[in-house]
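Common to both upcoming complexes is subunit A, partnered first by subunit B, then by subunit C.
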Partner chain A sequence: MNSEKHDNLISVHIDGEEVRVPPGTNMIEAARSIGTEIPHYCYHPKLSVVGNCRMCLVEMGMPGRDRETGEPMLDEKGQPKILWMPKPAVACATGAAPGMHIRTDSALVRSCREGVMEFLLVNHPLDCPICDQAGECHLQEFATDYGRGYSRFVEEKNVKPKRTRLGPRVMLDDERCILCSRCIRFCKEIADDDVLGFIDRGSYSTLTCFPGKELANNYSLNTVDICPVGALTSTDFRFRMRPWFLKQSPSICIESSVGVNTVVWSREGTIYRITPRRNDAVNDTWMSDSGRTLYKGVDSGDRMNVYTLEGRPADAGAVLEECVALLRGGSVAVVGSGRSSVEEQWMLKRTVEALGDEIPVYLVGRTEPGDGLLISNDRNPNVRGALLTGLMDTLPAATLDDLGARIEAGEIDTILSFGEDLCAAGLARGQLKKVRVIYAGTHHNDCSQRSRVEIPLLTVFERSGSFVNQQFRLQRFSRAIPGPEGVYSDLAFLALLHARLTGLRPMRPEPAEIWKHLSREIAALRGIEYDRISDTGVVIDGSKFAHLPFCEGKSLHYEPTAATAVS
Partner chain B sequence: MATKVVERKPLNLAERSYLPQIVGGLKITFRNMWKPPVTLEYPEQRPNIPDRYRGVPTLVKDPNGREKCVACQLCEFVCPPRAIRIDPGEIPEDSEHAHVEKAPREFKIDMLRCIYCGLCEEVCPEEAIFLQDTFSVNGLSRAELVFNKKKLYQLGGTLPDSHYKWDKKRDAAEKGGDEH
Partner chain C sequence: MAISEQRVILKHVDEPGYDPGIECYVRHGGYETLRKAVGMQPEEICRGVEVSEVRGRGGAGFPAGMKWKFLDRKSGKPIYLICNADESEPGTFKDRQIMHKDPHQLIEGMMVSAFAIQAALAFIYIREEMPQAARILEAAIDEARARGFVGEDILGSGYSCEIVVHRGAAAYICGEETGLIESLEGKRAYPRIKPPYFPAALGLYQCPTIVNNVETLCHVKHVVAIGGEAFARTGSPGNTGTRIWCVSGHVQRPGYYEFECGALTLGEMIHDVCGGVHPGRSLKAVIPGGSSAKILRADERFTGKLKDGTEFDWGLNDIPLDFDSLMACGSMSGSGGIIVMDDRVDMVEALANINAFYSHESCGQCTPCREGSLWMKKITKRMAEGGARTEDTDLLLSIGDQIAGRTICAFGEACAWPTQSFVSKFRDEFLAKASEDSGKRKGLRLV
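Up next, the complex of A and B:
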């Protein structure tokens, strides 16, 4: 008992196994910590508990005490006697208590689950062949475990509307809904847009929007993710692909500096959807709808996928030679990107060092008002990476006015833009005419049209690397799909360029290889191995940059520092 | 190894004249001349294909002309040589079959890959794909032998239905609906 007080954990017995959990943990989480799953529909770790699906019923007992003496009751073997409650308890709404015993797989528990399943399936349509949730449906999973396999229901099933539009991105199939109310609680508690509710009674209960409202907030697709059945579907992913064909790659959303953890679902080089990945320190289990659409740029018509010299397609080797000639043939300015990974920014810095000492380096700031939840004010995912690698020592300005002034003054002959549209960043067309532009980017734009050399780059889905988010949390993303044919990765092109400029052998363009240098050279990154960065990321000491006026405001799991609050 | 020499016996007169063999051969010829033929004049004559023969996989429609496939992609999943490729799509809301919601936009079977195992037919929850009696497939190019949805329905035609599952569903919706 002393140790319990010491580390503030309480001890419960689940199926005879002793587990130590923090006080306040409910039975589902306690069982999860030893790998025992208690089936549930309505419970979600990040939402309030309602206990309305009744699927998580378990048996619960406490060690008995003699009423007269207060002494613990012992059985014939001398063990504490457990007084089991005559009726089951809901595991989601029952907190673990010291000494509590839980049975998750007894005959009573199984018969409870079978009973609940039978009632849930009474009105559930046999839609699995056309249902998008099939394959990742909790009702399907628990029906195989606890379903009868045949129906005793001889009455006619309820018929409800199949295609109800709840909002621009969410469709509702009323028949499939099992009334768990997760979506309602999400809208109320997380998205702060309380538009959903149940109407009518009994088996006629229906999920609906309040009259005159629709589920249109920028987090509406999270309701689709947390729907345990196929009732809520995304209009974007609806009927496009069965989930069992899709490969899941862990990635990071580049929408803003929050660094939302995501899973990219792809098949044979085509991305079908992006869903959030749980990270309790960053995004919990949520992500924005706008972040989910970012994969559409991969196959868009304006994608750059060939190397060009003065507008004509060219060999990558010739382009590299031309880059070297241009960079050596006059004074150079370099524009890096806050969307490049830490490895690419470091490689760009090395390239700049190879060019000379007084090379001006810029980054383009993207400041837009965030939503205080999972979109921050800084729409660059990796500005802090540029600070850590030493590519930049100040925060980027939104426009390249300083570079424009230098061009006007005739100080610059060549601009290497690695991933930034210079026209969008505030340089006038006339200014670009005065210089020779090497443009590396993913898509065609005004800047690519005015550039002498075009270098196609890969999108975040086509490369691996790491970003540093607003909490100075280093997070890895990995390649989901291959890039366009014949295109070097960003890192590989920079490594080749660096090697060509220095005459050294090219570095192997793998993040793990780059990290060997990074962890040696940069004090804040010392000791970090790329392959050992955990799935939830590593927090880096960013106190060196605490004086900088970062533009982020408060968001989920992030409080701006004092220096920021002033600005 | 030592070589063993086998002595060949000299042919006798009957054998040297070939006549007994010719007569014996003619006997067989004449006996079979009056028997019914055991071979077919393929391709003019075609064999009777037994029920449950596993020929070319085809897509079928129900007697009301509704395409039965709902693009669940289970056949694509189960296909051992990965010959099947489905592009699922949504049935537009103004369609007669809008209540089915989902149908293949394109359905391709690569007949050069198909091994006629019949797993697609076995796994289909909608009884939409059948290995029917077509057994001879040929073409002049590889592309020609990737059968598309149109060709598969052409080969499959219409089969009787014992469930009319989706019609029942529509009737239930029309009868009761969410009335209460």
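Up next, the complex of A and C:
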């Protein structure tokens, strides 16, 4: 109890067990902290509290005090006497107060849950066999855990609209809706696009879009994620796969330098959907709709999946030899990518070092206006990784004008582009004709057309590694699906190239292996073990780069510092 | 035995020649109390209201003085006064009389109250179904403003307060004070969760707000007129002042009657004041406080202890008409709507009617009331139409039990109490439906 003063925590009792939480913590979270589940539908940790589902009803009591003297009341055993409230209280709207007691498993609480579950199901269509939410449905889960287990309902169920298109990506089945209002609150409070509401009254209340509006904002699919039932479904995912068949791989969205934490859901090498993964320091529980579609590039028709020499398919070994010959046979420039992982950038830097001292190295900047929420102005996920690994010491320009000038000046014979489309980055076709291009990338484009050597790379979903986001937060992503047959990972190809250039044994192309070097060589990364990086990332000291004019503006959980903000 | 009314609020109402204009009101001594009030200290008025022990006439019977005491005066935010004129409880028609026939009494009561709590602005939230009353009130406010009773610098006191009449959009839930506040803010009338949204601290626009019923605000005028102590001596201890009772149903003289609290019994009200049930009929049951109050059987015995410890053993006719006695009998005086039923009434049909009302009026915000009220309606409707099952009786009780005490606002109780009381007190009738209708049941299956 002595620590009470120091850590500013207060004691509450949940089913008799003492828990110490910050004052005001709601009782759902307080119970969660000791592993006690208080079932709930409408409560969401990142939205306002409305207390409408009534699933989280618990018994609540406070230590009694004598009205006359103000002295604590004691029971026969000399313990503080708890005065239990006659009515149950909603845990979601009950903030922890010193000495508060709650019961989460009493007869009254169990009867409340049975009642609410029954009420939620009487007008629910019970169409689980054809419902996309089956398997990840809180109605199913709580009905099993807390429901009565049998029906007492013989009346006709309410009829409501089915298959309402709320927007381009979200479908609504009003009969399944339990009116928790999470989606309404999300649109209002997070997406700042207040387009959803209820019409009609009582049990006939119906979720709908305001007349003339649609749910089309770039965060609309979060409503599908937070819908506790199958009312809101994604037009992209619905009817395609049962969630229990899907493997979940933690990943990082490469849409921008925010570094949104995600889960990639896949089965047998095919990705079916991407959903946000909670990280209270980065993206809370949200992600953009645009970030969710990035997996579609994996199987797109323009995917590069074979090694080529002069446009003809070639053996990876022969391609490697040709690369060595090209890189050794003249003056070289290297273009790296802000979409490569920390490990790949470091390996590329080692490769550059093996080529000589004066090799010009570039990165391609991607600056586009962000949305102030989860898409930043910097559309590269890992520019800071290139800074930390020493691949770059300045921020990248949007176009490779300097490289273009060098080509015009006849200073460059060979360009190794590892992951960037040189044409898109501003080099003219004429300029590319003057040099030999080694192009490594995931997709065919103008640049691959004009390259001597094509090296297929893997998408972020097919490799593992780490990115450093705008907060200098180092975050891991892991491989969700295998890459195309016969294609080395980005890291493996670089390791082989580096070994071939230096004559050393190739490094094992695993992030954990690379980090043994990284954490030794780079002061800011000292002591970090790849396998021990927390699921929510680790913040690195980026003060060394504070003078650089980073382009990010304000976004969720990120304020640009005065030194880095660019007006 | 003839019992004469003790009219205070309705003193002049229905007098020949009495009209709702300001001339008539002033001629009858109107606005003198406001003149007295603005010469007093606001705290003095609040204290007077507190010692008068006047209780809210809207339904819950909460002491008005205590409600005012909860006002958060330290926040620095403006304080609002709202008159709850959303009189929608079935069986209740008292506020309507005041607004139609003596609107200035309400305005005076409101201005006295507004001055007492130092309100920045006052509202009358009136239900949509009373368009005429809204027009009367607006005209009356204009008249009062022209004479300096409302608006800028009231009676030269330096205190200013406007009254805004706001019409609802036909929803019973707007009578719930936080639902009313949401509606007044332009939102769906979803009642707020309490805690933390007690209006006295976080009310209209998150500012401290007092919501009082029409009749309550009128009583404030009389409290100030005669003084809190004198008011406290009227009625019975803890049940001070007069009440307007609205008697409807199977009596010979239905209507509104004003008496001091506890001055007569339910039996005297029904049999003497209202002339009893129609000839050849017998009293079957009474709902004493608006349709949400628990029903009382004519042949019931009520025993127990009152707050002050005195034991009682009453038949229906013996129950004194006040707040505490009806509560002691397991029901409530509620909004004062006494609904009398004679032996013609089919209890299942009566309940089906009440359930239809509450399922229609449930706002739909929280689960138990939203789903439970409609389910109870579906069951009672089916039972009344000849599809009763034996198990429906206990099922109804169980549904009621799953609602009451588990909702955001008191609507949960309002919709559950009729079912709980009808079914438990007339259990045989509900079961009999099942046996006589068992042959007509068809096609019912669990879903």
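To be clear about the criterion, the second predicted complex is superposed on the first by the 563 of 567 C-alpha atoms of A that agree within 3 Å, B and C clash if a C-alpha of one lies under 4 Å from a C-alpha of the other, contacts with A are read in each partner's own complex, and residues count from 1 in each chain.
In this section, a residue touches a chain if its C-beta (ideal position, glycine included) is under 8 Å from a C-beta of that chain, and two chains touch if they have at least 3 such contacts.
Note that this is a predicted model, so its numbers are computed, not measured.
Undergrad: Quick one: is A:245 in contact with subunit B, with subunit C, with both, or with neither? Answer first, second, both or neither.
TA: First partner only, subunit B.
Undergrad: Looking at A:120, would you say it contacts subunit B, subunit C, both, or neither? Reply first, second, both or neither.
TA: The answer is second: A:120 touches subunit C but not subunit B.
Undergrad: In the superposed arrangement, does A:87 touch subunit B (first), subunit C (second), both or neither?
TA: The second partner, subunit C, only.
Undergrad: Counting residues of subunit A in contact, which comes out ahead: subunit B or subunit C?
TA: Partner with more touched residues of subunit A: C.
Undergrad: Identify the partner contact of A:130: answer first if only subunit B is touched, second if only subunit C is, both if each is, neither if none is.
TA: Touch status of A:130: first partner only.
Undergrad: Based on the superposed arrangement, let me know which partner A:525 touches: subunit B (first), subunit C (second), both, or neither?
TA: neither
Undergrad: Based on the superposed arrangement, let me know which partner A:157 touches: subunit B (first), subunit C (second), both, or neither?
TA: In the superposition, A:157 touches subunit B and subunit C alike.
Undergrad: Could you say whether A:178 touches subunit B, subunit C, both of them, or neither, answering first, second, both or neither?
TA: Second partner only.
Undergrad: After superposition on the shared chain, which partner residues are touched by A:54: those of subunit B (first), subunit C (second), both, or neither?
TA: second
Undergrad: Where on subunit A do subunit B and subunit C both make contact?
TA: Common interface on subunit A, subunit B vs subunit C: 156-157, 200, 204.
Undergrad: List the residues on subunit A that touch subunit B in their complex, please.
TA: Going through subunit A, the ones touching subunit B are 125, 128-130, 134, 156-157, 159-163, 174, 200, 204, 206, 238-242, 244-245.
Undergrad: Residue numbers of subunit A touching subunit C in their complex, please.
TA: Residue list for subunit A touching subunit C: 49-55, 57, 86-88, 90, 93, 111-112, 114-116, 118-120, 122-123, 126, 150-158, 178-179, 197-198, 200-205.
Undergrad: Along subunit B, where are the residues that touch subunit A in the complex?
TA: Residue list for subunit B touching subunit A: 70-74, 76-77, 88-90, 93, 99-102, 125-126, 169, 172-173, 176-178, 180.
Undergrad: State the interface residues of subunit C toward subunit A in the complex, per the touch definition above.
TA: Within the complex, subunit C contacts subunit A at residues 171, 188, 190, 193, 195-196, 359-368, 370-375, 378-379, 382, 389, 391, 395, 398, 401-403, 405-408, 444-447.
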